[in-house]
Amino acid sequence: TRQMTKREDREVYVRTTLRELLVYAIFLVDLCIITFGMTSPTMYYYTKVLSELFLDAPYPDTKNTFRGSTQVLDFWRFSENILLDGLYWEHWYDVSATDTTKDDRNILYENRLLGVPRIRQLRVHNKSCEIPPDFQRVIRQCYSEYSPTSEDHAEFSPNGENTTAWKYFSEKQLNGSVHWGKIAHYSGAGSYVDLGSNRTTTKNILAELRDKLWIQRGTRAVFYDFTVYNANINLFCVIKLVFEFPATGGVIPSWEFRTVKLLRYVTPNDFFVLACECIFVFFILYYIIEEAIEIKALKWSYFKSTWNILDLLVIAISLLCIGFNVFCFFTISSKLQELLEDPNIFADFEFLGYWQIQFNNAVAVCVFFAWFKLFKYISFNKTMTQLSSTLSRCAMDIAGFAIMFFIVFFAFAQLGYLLFGTQVRDFRKFMDAVFTLLRTILGDFNFHEIEEANRVLGPIFFICYVFFVYFVLLNMFLAIINDTYSEVKIEIANQRNEFEIADYFKRGYNN
Amino acid sequence: TRQMTKREDREVYVRTTLRELLVYAIFLVDLCIITFGMTSPTMYYYTKVLSELFLDAPYPDTKNTFRGSTQVLDFWRFSENILLDGLYWEHWYDVSATDTTKDDRNILYENRLLGVPRIRQLRVHNKSCEIPPDFQRVIRQCYSEYSPTSEDHAEFSPNGENTTAWKYFSEKQLNGSVHWGKIAHYSGAGSYVDLGSNRTTTKNILAELRDKLWIQRGTRAVFYDFTVYNANINLFCVIKLVFEFPATGGVIPSWEFRTVKLLRYVTPNDFFVLACECIFVFFILYYIIEEAIEIKALKWSYFKSTWNILDLLVIAISLLCIGFNVFCFFTISSKLQELLEDPNIFADFEFLGYWQIQFNNAVAVCVFFAWFKLFKYISFNKTMTQLSSTLSRCAMDIAGFAIMFFIVFFAFAQLGYLLFGTQVRDFRKFMDAVFTLLRTILGDFNFHEIEEANRVLGPIFFICYVFFVYFVLLNMFLAIINDTYSEVKIEIANQRNEFEIADYFKRGYNN
Amino acid sequence: TRQMTKREDREVYVRTTLRELLVYAIFLVDLCIITFGMTSPTMYYYTKVLSELFLDAPYPDTKNTFRGSTQVLDFWRFSENILLDGLYWEHWYDVSATDTTKDDRNILYENRLLGVPRIRQLRVHNKSCEIPPDFQRVIRQCYSEYSPTSEDHAEFSPNGENTTAWKYFSEKQLNGSVHWGKIAHYSGAGSYVDLGSNRTTTKNILAELRDKLWIQRGTRAVFYDFTVYNANINLFCVIKLVFEFPATGGVIPSWEFRTVKLLRYVTPNDFFVLACECIFVFFILYYIIEEAIEIKALKWSYFKSTWNILDLLVIAISLLCIGFNVFCFFTISSKLQELLEDPNIFADFEFLGYWQIQFNNAVAVCVFFAWFKLFKYISFNKTMTQLSSTLSRCAMDIAGFAIMFFIVFFAFAQLGYLLFGTQVRDFRKFMDAVFTLLRTILGDFNFHEIEEANRVLGPIFFICYVFFVYFVLLNMFLAIINDTYSEVKIEIANQRNEFEIADYFKRGYNN
Amino acid sequence: TRQMTKREDREVYVRTTLRELLVYAIFLVDLCIITFGMTSPTMYYYTKVLSELFLDAPYPDTKNTFRGSTQVLDFWRFSENILLDGLYWEHWYDVSATDTTKDDRNILYENRLLGVPRIRQLRVHNKSCEIPPDFQRVIRQCYSEYSPTSEDHAEFSPNGENTTAWKYFSEKQLNGSVHWGKIAHYSGAGSYVDLGSNRTTTKNILAELRDKLWIQRGTRAVFYDFTVYNANINLFCVIKLVFEFPATGGVIPSWEFRTVKLLRYVTPNDFFVLACECIFVFFILYYIIEEAIEIKALKWSYFKSTWNILDLLVIAISLLCIGFNVFCFFTISSKLQELLEDPNIFADFEFLGYWQIQFNNAVAVCVFFAWFKLFKYISFNKTMTQLSSTLSRCAMDIAGFAIMFFIVFFAFAQLGYLLFGTQVRDFRKFMDAVFTLLRTILGDFNFHEIEEANRVLGPIFFICYVFFVYFVLLNMFLAIINDTYSEVKIEIANQRNEFEIADYFKRGYNN
């Protein structure tokens, strides 16, 4: 009877777990619908056509592009040609052809420019760095690398113009935010000009800036900011084109095209997603209560199970997302009202765009974690147990070995960074070196670059790395897993067959 | 004697199997001759020269090509230069040189254009999508993404021209079919123009279309359709050049070059293949009878063997192919007669080209499956048994693990899609993300793109993926196979040596 | 004492083997000196500068190059610009500058053009193929793919010119040889013109050919042949530039740059190599005698050892090479004499160049095999035994599995060829498909091409291939080796330690 | 009690080791701070902008670049356009715009050119090589490949000019040093010209050199040397642009951009690093004493431990670095003084740049070795022991197998070199072939190049290599490690648990 009771207990357990699994599956499907409803391949194409328009168009003289810009002159080439052509579409097909009507005067004929673009500059002040004593006699100007503390707050107009272009405005005044560029984090401050709403105005503004040498030795970054909206597909694209002027001279271009769906509930499809989101909210409430009960029951021991931690994580992220979504819903409308009333002001969607992206990412991570909980319910099947217990049992050894592995790995990464960092792009920062060596294991590397950077140590470094890490260390992972699998398989073969989920279904079928 | 009988039984069995193997080998050789007779490297070169002619020729002003087209203007550049130059070869070498005679007036001097090309356009109607309330005051036109339901059926000629270019024709009227484009499935309907049979006519037609703004905001796709025939090598190439105009603005070019051998029996070689095809038909009849007998004998248990399922599959595909071949033989001739009588109509080979390709694919899959049946006869040899039983025994474990593996894998793919989908081409759809992650395992990936799309989550995603999937999970496959192989080898070593195929030959040799 | 005798026997054996090893090592070193003396990095640079000169120079109008040629017009662009500029260097730096003196009038200022270049054409005759009945009314000309049997032997001059350019000469008349092109094997026959020895003459010859439409529909290949010699480094480069005109239309360029050292004994270094070659001859004689003795002693059982087969192979290749070297030495001088007497004839070094390359390859293969004999002497050391016996023991299993593996592999290759052959370069022939799938295992593949060729079957094919071959089958190799290694290690651990080579040295040291 | 004593002994041992570990960790952190303080991502960007400026700027006519230069004419194109534009920035943005003030007249507006650039040429004399007897009648000039012994010491001015450009100066006179070029090691001797400090002067100098045919057949290398300094980031870049003129004709460009921080102590950050360096010196003193004591105690047995050898190595490298650093500190200042007094002389920073790079490399290698000593302290933890003893135990087998592996590997490399060396860049030298085959294992190879070089032996070579090395031999590494791991794990499981480091902490916690 003891045997029987055990069997009955187990049956109850199985039934409970199955019910839990079912509920969880519905939750997961709901979550997937929401995430897949949030994004669409169209968003990629939107990013693509806009980025091609601005980044890949060749300059008329040098055939260089925004992406390939390397000198100050390229900045002006971009501004006076590509930017003007890309923003203002006042003709059909080409200049010789018919004018577009006011309603068709859109970027690529389909995308409305919201407000006017803004160009902003950040400068550092002279003497922001120390000239070594040896040179102080011959070099008198020194503009350090950008840092918020060395920003130049002075006016710098050559003839005392009183426009925003030549004055400094703080981040607060501009309502700006920090931008993470390629070589520094730039504050939202600086001098700015709002461009015109048609081609001629903008052209004149830019010509004036160029004539008066707006870009100077102290300039460290110039930003173009604007937002376009496509009514066909109801998407915003918040665009930021950045020219960084490092202290080394030259120009480093970068960009951001944030394609976001700020107005989330317009089409019937959108309302279906809204319904799913409501269901999701109920699910979250349900799980909050469940976990609360469990915490009360188990106290501290609750936090010892990884599954519970996973649950809490998912709930926390979900709450965050719900909160943000509600907040957005109310802000965007008022923002748009304001903008549409005066179309000649700069439309600052940076904040909304940035947080919408963070929201999307949070939801994505949430659903990723949610998937892993499936493994909790998988342990019924014998084959699965065998595999998952192999993984969990060798976790310690894998982790132990991973530490050894990564000491060697990071030693190599540091060596690579120090040996090749000044010459090879993929080793220019320590983290880059880490990723480069990781990619080397997968077969994605550039041996010739390393060899060129150091013709003796480069190849030696490469051979040592491949021999130790690829030939020797990597095989340890396999040895560990292989060995553990054999052990686990023998053990499980010796165990009595427990009441399996399959049995449960068989019984139901026989009755 | 029991021993002896068993031995004799086995001998009979071996002899039968050998005979079966021989027959099957002949079948397989016959099948290979047919498939290799169907295709030839020339077909690749034919596709190559024609696609280079249209896709890689640079536009005279921007040096861009069809493949690189991104704007509406590129469509006109292509039509007015590359297309005209590619279709009409009215001079030897270059314009200053001698005119070609009528018989040499072929594409690349060798390929006859059949009939005239057709250009067709699909448009969506204005108000085919909903403008969000916030924008309804300032944006009044809205052309949704293409879907058959939002096609514009209205005439749209600016001055009331009464040509086919400005009217809508249904798919049935045009005898068209659905085309699977890059961003949508397009119906065979729309407005069309049949171009001229010489350069001047076509040039005028295109100039008129451009002047009257044939491409408008509602345009969602433009198709060029034509077919060329090369008598030297007796091949048709059914060409379709597509410009998709997504709702995002811009242009996405795509193409289809279907090189097919529609007239299958012309040269002596072809008649040899025909003979093989006849033999093939007899084989299929033989196998149909054989399987029918087996089904009758074994009833339902017949369907439990994978080998039998394989047999049925091969037979089914074969019958399909035979049927199609017969159908084709009779249609093509009549089609060609019609066309050659009036060379100024559009030659619609799309249907024939499409199904010929499907036929080729079906035959290819058929022979692929046929090869696998060889493994049925391989079990005689001990080493082979050892290997194949390893594979079959670990199949369950592999499958079980594959499920676990793919849950993790798809969780990563979904995460990748949601995080990078709007920025990176390789993650733009969920299935693309799946393939991208699969290719990452093989070492084909672009880390910098991921990093650029999201500078924080990108690298974290990559490291987690490589660590779990490449270092840990992938090694499980090996552990499973390794362990099973050891087991199987021990077992087989313990078995008594059975009468092997080698013994059979040895005995024959000794007698 | 029996123990002792055995030990003594073994000691004798060890001593003999060591002596043999020493002799063999000297042989190997000698062989390496010869091979490394035969080639040098300079040869690569020579090939490089000459191929860059002709293949990578952009055409003045289209900026296309020889490598990228796709149309008949590109042939003329090449001939009238790149070829003329590449062959005749009559000025320093550029045209505006000083003339070069006669002695400096070399290609790239350093390479003497030997004799004059020859241009040769191969044509097929009209009606060389059958036009399908359906088309016979409208298509009257048909030029098949090239095959020696369909060569056009007729004169084809438009106005009855009586030059070699318009007549057919047989392979024998031209003293030519077969050329293995990209799409066919071309005979050495055809019509030819010998170009001039200065720019103006050649320019006129080419202009005449173009005007009179030398390249016609029946043209299937055009060859440029010439040889340059660099006295600085004493190297010849036999150059062949080929334009193939496939029956599909268009042009497929190919080339051969055979850099060879025909005059082998000039510098002191060369004479050192000559000395080594003499030693090599003695070695070969020694080994011939040794093997002859062994064969006499062992009779048929001699041929059962792989080591002996290897010995015979090395000897055979060596004899061949020696023979060729002697032959060359005598021919080249007379050839050169003849040429230098009349510098205005065509210098045909094709035969010598071809066989010199074959000679180099034969020597390379010879030394490759020679290295493997080292393994014969390695079995003294225990660790080595363990490893080499693992390999030799699992050889059978590996081979057995390799058969299974390759059945699956070739089935995939055939499927790939049939599905993608008409669209994707890497699958255009069956052998290409085989190599492409092999490269896929190593991580070198182009998924997007496959996907584009067939959007449904392409990805399915790829996934199946990767799953079966990469995840499952490849691991079998490892399982087999892994298992065998464990077995061998246990066995060897159980063996008594034999008298090892290390002991031999230790003993010598102690005495 | 014996048990207890042992336990106590062990406790003492653990405590000592922990203290040692702590000291070592501090040492390591200090070392890392120094190395990371020595370099920064800015250095990469500095190298990048300067190399882009000179190497990637297109020539006005051919659009070729320095990197792509192949002919003598490209040398003049570079000198007269890119070099002039890159060195002299006498205008803002472009020529039509304002002049720059004297303080802004910097390369890329930020980098001061130190002194004037120097152009230097190395020539070999005529008759430096032997013309084969067959050719002696027709070829009279012969300029061998470069070697110091065949340098031409004669004057070579056409009209007897008496400038440095046409005279030979020895390495000593020029204070030069050997340069390791792409195809030879060049001495520091030759003829040179110091260019001007403004655009016009330099332009005239170059024009004169060109007119008088400075580059002749005997020219084997031309060097541009100059140094720029950026005060903003306190970095020097020592630039060397090299045109090698091989004896084959043509041009092979190469370059060196040595970005170094010669003035090491300027900013507060620098002084923090200086402090760390002082601490480092004390550490080294401490370790020298420690090791000296150990050596005294252990005598010869000291040198048997790899850990001790590692210690000595680290100490030796450290001492070297310290010495160099002190030397540099004193030389640089005097060097700069001299230069700044007369800005019109050539600033020779080659020596300092070269040794600074060597210093950086030495420090990098030092810290790399230092990391490995961590493994000495890791043996406390059981999992770690298991892993590290696996590695150390299979080291012998791995090494033994590595020998076998590399015999096969080098045999393949030699074969590859001999078969493809004259055609394929990646096989042009034996060492290149070795690296190419190594990269092939990792999946980075170019099959098409091999196939093109030899259409028969290329694919056979590739298949054999992949089959033996990738499929078979590589798996041996795994088999060895796998087997050893199983053994070690069983052994350790059988051992009694020793007093572990974890216990130590637990005890401390309990008390």
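By letter and in written order, the chains are A, B, C and D; residue numbering begins at 1 in each of them.
Going forward, a residue touches a chain if its C-beta (ideal position, glycine included) is under 8 Å from a C-beta of that chain, and two chains touch if they have at least 3 such contacts.
This is a predicted model, so every value here is computed, not measured.
Subunit B is reached from subunit A by a rotation of 90°, derived from superposing Cα atoms (nearest 5). Relative to the C-alpha centre of subunit B, the farthest chain centre belongs to D. Counting every residue number used by either copy at the subunit C-subunit D contact, under half are found in both chains. Chain centres here are Cα averages; for subunit A and subunit D they lie 35 Å apart.
Centre-to-centre separation of subunit A and subunit C, using mean CA positions: 49 Å.
In subunit D, the residues that reach two or more other chains under the touch definition are 442-444, 478, 482. Here subunit A touches subunit D in the complex through residues 62, 70-73, 76, 129-132, 134-135, 137-145, 183, 210, 213, 215, 217, 246-250, 252, 396-397, 400-401, 403-404, 407-408, 410-412, 414-415, 417-419, 421-425, 428-430, 440, 443-445, 447, 451, 454-455, 457, 459, 462-463, 466-467, 470-472, 475-476, 478-480, 482-483, going by the rule given at the top. Here subunit B touches subunit C in the complex through residues 32, 35-36, 38-39, 41-50, 52-53, 56, 58, 92-94, 98, 103-104, 106-112, 180, 229-235, 257, 259, 263, 266-267, 333, 336-337, 340, 343, 360-361, 363-365, 367-368, 371-372, 374-375, 378, 381, 383-384, 386-388, 390-391, 398, 431, 435, 438-439, 441-444, 474, 477-478, 481-482, 484-486, 489, going by the rule given at the top.
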